[in-house]
Amino acid sequence: MYHTLLNSPVSAETQMLLPTVETMVGVLYFGLFAISFDFISGYTGYLSFGHAVFYGTGAYTVILIANGKLPLLGPGTPFMLSLLVGGLIAIALAILVGLVSFRLSGVYFAMITLGFAQVFYVFVRGWDYVATNPRDGPAVGPSHAEGFQIGAPGIDQLSLSIGVLTGDEVALLGSTLSGTEVSYYMIGLVVLVCYFAMQRVIHSPFGRVMIAVRENEERAVAIGYNTYLYKLGAFAISGFFAAVAGGLFAGFKRSASPENSFYFLVTGDALLASIIGGFGTLAGSLYGHLFDETVREFLSKAGQGGGLLPYLRALLGQETLDATLVGETTIGGLIDLLLNGHASLYVGLVFVLFVLYVPDGLLGTLRARVGGTFADALPAKLWGDSE
Amino acid sequence: MLRTQGLTKEFGGLVAVDSVDFELDAELCSLIGPNGAGKTTFFNLLTGSLSPTEGTVELRRNGTWEDITNVSPHETASKGIHRSYQVTNVFPNSTVLENVRVAEQAHSDDATTFWRNVDRYEEFTERAWAILDRVGLSHRAEDLASTLSHGAKRKLEVAIALAGDPAVLLLDEPNAGVSSESVDEIRDLIEAVAEDYPVLLVEHNMDIVMGVSDRVVVLHQGAVIADGPPADVRANPDVQSAYLGGYEPGSLDDDTTAVGSDPDSEEGTA
Amino acid sequence: VSDDSSMTEQDDSDGGMTDSSTNGGSGGGSTQTVSIGVLQPRAGDLKYYGDQALWGFLSGLAYKGETDPPADPGSGELTITAGDTEYRLLIRDTEFSADTAQTAATNLVENEDVDMLAGCASSAVASRVVTTVVNQAQVPIMLGPAASADITSNAETCSDLVYRASENTAMDARSGGKYVARETDVSSVYLFGADYSFGRAVVNNYRDVLESEGVDIVGERFVEQGYAEWEGLLDNAEEAGAEGVVGGFTVATLPAMFNAFLSGEYSYRVFGGFATRITNSVVGGTMQSVLGEPLTEEKIRNSRLGPFTTRYHWNQYDNPINDAFVESYTNAYGVVPDLFTAGTFTGASAIHQAIQESGSTEGADIADALKGMTVTDTPKGENGYTFQEYNNQARSAMTVANPIPTTDEWADNWGAAIMPGEPLARIGADETTIPQDSDQMGCSL
Amino acid sequence: MSLLELDGVHTYYGDSHILEGVDLSVEAGEVVALAGRNGVGKTTTLRTILQLTPPREGSITFRDESLVGLETHEVASRGVGWIPEDRRIFGQLTVEENLRAAIPDPDDVASGLQLAFDSFPILEERRGQDAGTLSGGQQQMLAIARGLVGDNDLLLVDEPSEGLAPQIVADVAEALSKASEDMTMLLVEQNLPLALDLADRFYILDKGRVVDDGDTAAVTADDERFRRYLSA
Amino acid sequence: MILEALAEFLTLGELGGVIVNGLAKSALYVMIASGLTLIFGLMGVLNFAHGSLTMVGAYLGGLLMVVTVTGGTAPITRLGLFFIAIVVVFALLTVLGGAIETTIIRPLYDRPPIYQILLTFGLTLVIEEIVRIVLGIYDLQPLSDWQAALATKPQFLREPVALGPVSAGWLSLFQILLGTITVVSIWAFLTKTRYGLYIRAGSEDTEMASALGIDVRQVFTVVFALGIGLAGAAGTLLMWDPTWGASVPLAAETLLPAFIVVIVGGLGTFRGTVVAALVVGMADAVTTWWFQNVIEFTGLPELVLFLVLVVTLIVRPQGLFGVEEVGGH
């Protein structure tokens, strides 16, 4: 699909608009993180502002295991098991943090979880054990030079390696899928499974209580729910999937840093994604992140995924670019000044507009338009097509 | 069913509930009294939403009295004390059916199940439908609770309380703000419900109180000033002056306090 | 290395590239193309590092092709022809971030099929790219100006694919540190460093050199990059009896440190590596406001800043290559080359030399040819740099100089109030790097 | 033309229809009582006049100018004051600050405070105390005083005697009756003797409509009409 | 070792220095946080853009100083110009704040508070990028402190001053002075002026205040504008402090501490904010001392604030001076 478009007459436009496969892989695992954030924040109404701590936990666990730094688990531990271990550690962490934090609500809850996460962030940044230079974060070392395998652990026929450089290549129906594309499908598979798992929880009796807590916690208590325990449970589940997302990220990238895993702005990106996609819609977060990434990439510099800038340059031609506007500013200079590396500006503007005019987000609005039921059936279909 | 001994609640210097000894049998008992008499506070003490300054609350289960003073609200609810609220307090962005269904689900062992779809638990849904039928809301089942009219919301309040499979039902002004046409419906509903459960009813509409109650208790400045069959209470001169008849200084508050909310006091839940 | 069939080529010339480069070696006269992925910060705080490094690299190729260096290309694609070789440079912004660099490098290797990589200004970025991309994809890299000595002296990162012409922190320590230990009265030193690879490398290298020269290390502290509350720390160094202080920092931290040092009254001197133009302009500015204008050599000497090692500054070398380099560079970019620039110039020069010698544009062949090479054309003179076989780090001479007020000649193109003076000492290439038998050398190739 | 005139006013809270066509008028200089059982819409009528809960239908004119669509502070600055039923004093402000907040013209502050302190001496004693720490009755006095000190032509008074001990009710009655000498009042009061004493005319509200009205001089608290609408 | 260090810490000279340093830090924290508190206290809007506006204030203040100060400007003139710069920046940002409130915050009042948080979060992205673009035009480094602005500081502010056995920096004393002036003026504004009275009344009960003829909406605009103005003034002060300095990351660097101070103090109480600023400032100064003299963990200075936050909330979930939510119906 991607290729067809790229080879078609509108290839320049296509390349400008479509994110690259690498970006799409990022959309998948970070989308999963955003979904897990939405799971707790959008469904119970408790803004988990320190959610990045779970993402980071998952990522670091995978790398530490691969580097043989986690007791009992050698570098040869199957990736799927590492993901699970990361998730379990995150559950433990979520329960610890949650025990204290769920005594609070509203802004105070958001702030105390943020506080905890930042404590972990600073700690991980200074912990020599995780990497020679913990400030820069760990990377998968030579003890695990091969790619991380997704599939049935131990059965090679049913597993494929991920990673741009380490991924397996697969010949399929006459065309070959590159390592990145294989990663896309394999990670997509895990994300899909996780998404359905969370979807399942939301539609379970437990999930309905989460919604009841968001809608009216006082009343939920009055009809007999010990909401404290439900919130803790939801937090643990959400932490688990956030860690899986982090693990996928580390497995694909083969490195992590405190800034791109534990830092509070990572949570900020998840928040952005869920708002744009639709708070409390689960799948919306993924579309929200896709949207965010597409805009960013569209506006990013030449050579880092194509985008508007090189397209405009090519379209306008050198003469137009060199034409001067006022003083010494050329059109090219102006375009460069306004576009080059300033994607955040436009993402911010889009975001502000969303808050003001599309408060329900992409998916929320769509669902409201089309009616509630379609959303249950459609995600699976859309997922297959989203490349 | 439910009894209190010396139940007292003070807010700062204000004694909102003043050593109340009260016992509810299998009956429809009304609790009346001027605004600010302490009726809602009394409810909050029974359900554990507030803890008393002094005194005890006990619930009879399986023939023995169990002390439930200071037990948290979700536990009193799971022990069977269910209430409707004076100020509508439902799950606004859930459907009417879901409001009742989630309350149904609360007292089942499957409430914590997170791997099975709710739709598999048809029994909850069926019972929720039955309750909606009973309160006359089944035609609105699929609508969001926030879109209901005031009167319909009052019915939903009762429905949610009923869904708890109560041992005791506490109804706090189910008629508050209900237009006259609907008053009769709710009144019928109360009477019907009282056939099945012991009911403690707070109500300002004297037509209803006098018409449906087996017994009326009058609260004034936190204390019980009369207790007996409706006719007796109505004739009681203290009650006449404190509540039914002429004005008597001392009632501190009015029912609109709770309603005229200050937008700034809303704490973000997000 | 990777399979072409998965690629999404849209440009025919790319498709033909593989052919021409394989033919290139044999077919005399026809040009051959080599594509190099260049990773440097092209925006943000440390863009200046990227500028100097990239411009140096471009100047190196231009020198070889006997043309003028091209105007600053920003990021994107650029072609330079030198002799019969066409260099297709794919320049990517690293934002000084390891993540961005890793992504960009992965992309270059996987999707653009580059023959080799060049660059990385931050040591953190360099180690990340080496571990996750170079070793993984077996594509060689010409590192620089990332300066942590560790990268070429640690078994984890050093390899037959990793070359560095640029000078490193051990070279700073082995020239400047030694000079201070031997030629000044400093006998006790307090070491400060940024809490990441570069700062740790600086501290380790200086500790090593100074201790072996009999200097006492009276204290060592690491702080976050950008730390600004220097007073207390500098006081501690004073209390610890330090006669000298070294700071292993980048421009993110140095100005605050120098400011605090100049504003306080400390009895020790600060020495280390001679910094970039940015730091010089900040420190110069502070000196002007603390010591009063105009600055004189005398005033600067009394401020106890220096002497500093310079890896390379434009005015430290007097030879035809350097003269041509400084001139064409100043013309093209409006500033003089500074400490990062000679190393990357040499890197480019070495790559061209390797292609000439091997007659191939395959990454592996270039790497082979680089092994043990003595680079002919370098700003430090003919044959100024030699790649050491045991770790693929180039050794080159270093100088030690004091800061002096910027002379009128350079005022326009240096733009800072202070600049390096005449070299106080020159340290020969064979003394600057970590020897093969040192216990500091964890690399033996 | 009357000072205040309501014509066919309909007001809702969300979906609940509270006022179902209220018509009433108040002449300059009069005191008019508004009576009715709990929850019939008395308070809502006052809130509607103030545009705190704007009407969905009907007209409200004050001195021949329509109030509908104005902001509450604009209504207030046209000379309409309010003594709300649930006191609504500013708990974190001192007694004096509560009063100052109600006096628009800084030049009137001294005389305004004097007026308040004369009516309720206890307030002068407590002028520096945070109003939230006053007893309920004292808070009620403060709320009334705050209505009196404003530069108002029409005062909307909602259950001023609520929660006050009998002797203070007398103070309140006196203060209000003194104020009524140069202020028009629309008074909601459950204490019928007090209401009848203060008011010249009365309206009785039931289920959001005016069902009766007349001169207070002609009726007593035992009047059949009051019995019907005001007690069970 | 620890005991030895403790003994040294407790000497008059060291402890006194830490206290002065702590007060100076508290003064900065209170400057950073008071605008945030003001806006939250009245309007319930948690302004995520506060840090960005502080950063804008730092650059504007720096610009004014860089343009007016030359090498030869006398120290006292520099101080005078600095005060003028603070006032001008305050005024400019107040206008900006007013514009922001009327155009984009106002439509959100009847939505749940999270939307205001989100909106101001988006605003942050926009403001920061705009600043980056402008800095790009003037070729300034967005990530490092603007040295030219720092250099406009008179020399004596860099020097230490002896207060008996205690050695403190003139800069610290200057900051304590400005912090005190700010606290006193806000306090006076809130308690002594009519407008302050209106603000406090409006924040307690919007309906009642408007029924007394107060234009609460206008009050909201003014408060938001003033809060932003304060953010700007704080930025100008930070611009002269080498620990902060004008740079784009100043936005994030000030936002988190400001949040922490406001939350620790209890949302919306000015008194709480002042006390919390003192607590946080002192904690900061104390850990700085321990970090510089004893403990080598580089993350320590950053950790303090968050530890203060977490510990406070564990002990007192509503903050030091926050009101506990009143029980249900």
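Just so it is clear, A, B, C, D and E label the chains in written order, and each chain counts residues from 1 on its own.
The rule is short, and it goes like this: a residue touches a chain if its C-beta (ideal position, glycine included) is under 8 Å from a C-beta of that chain, and two chains touch if they have at least 3 such contacts.
Here's who's who by UniProt: A, E = Branched-chain amino acid ABC transporter permease; B = Branched-chain amino acid ABC transporter ATP-binding protein; D = ABC transporter-like protein.
Note that this is a predicted model, so its numbers are computed, not measured.
Separation of chain C from chain D (ABC transporter-like protein) in touch steps, taking the shortest path, is 2. When the partners of chain C are compared with those of chain E, the chains appearing in both lists are A. With chains reduced to the mean position of their C-alpha atoms, the one farthest from chain E is B. By number of C-beta pairs in contact, A-C leads when B-D and A-C are compared.
Distances between chain centres, each the mean of the C-alpha atoms, put D farthest from chain A. Separating the centre of chain A from that of chain C, both taken as means of CA atoms, is a distance of 36 Å. Rounded to a whole number, the gap between the C-alpha centres of chain A and chain D (ABC transporter-like protein) is 58 angstrom. Chain A and chain B have Cα centroids separated by 46 Å.
A separation of 33 Å divides the Cα centre of chain A from that of chain E.
Each of residues 46, 113-114, 204-205, 207, 298-299, 302, 328 in chain E touches at least two other chains. Residues of chain A in contact with at least two other chains: 47, 106-107, 126, 218.
Chain contact summary for the complex, chain D (ABC transporter-like protein) toward chain B: residues 13-17, 38-39, 43, 85-86, 135-136, 159, 161-166, 169, 190-194, 207, 221, 231-232. Contact residues of chain A toward chain E in the complex are 47, 100, 103-104, 106-108, 111-112, 115-116, 118-119, 122-123, 125-126, 218, 264-265, 268, 271-272, 275, 337-338, 342, 344-345, 347-349, 351-352, 354-356, 359.
Of all residues in chain E, only 71, 141-145, 147-148, 150-151, 155, 158-160, 169, 242-245, 288-289, 292-293, 296, 298-299, 301-302 touch chain C in the complex they form. In the complex of the two chains, the chain D (ABC transporter-like protein) residues touching chain E come out as 50, 52, 71-73, 76-77, 81-82, 84, 88, 90-93, 97-98, 100-102, 104, 106, 146, 150. Those residues of chain B that touch chain D (ABC transporter-like protein) in the complex are listed here as 13-14, 35-36, 148-151, 176-177, 179-180, 204, 206-207, 210, 234, 244-247, 249-257, 259-260.
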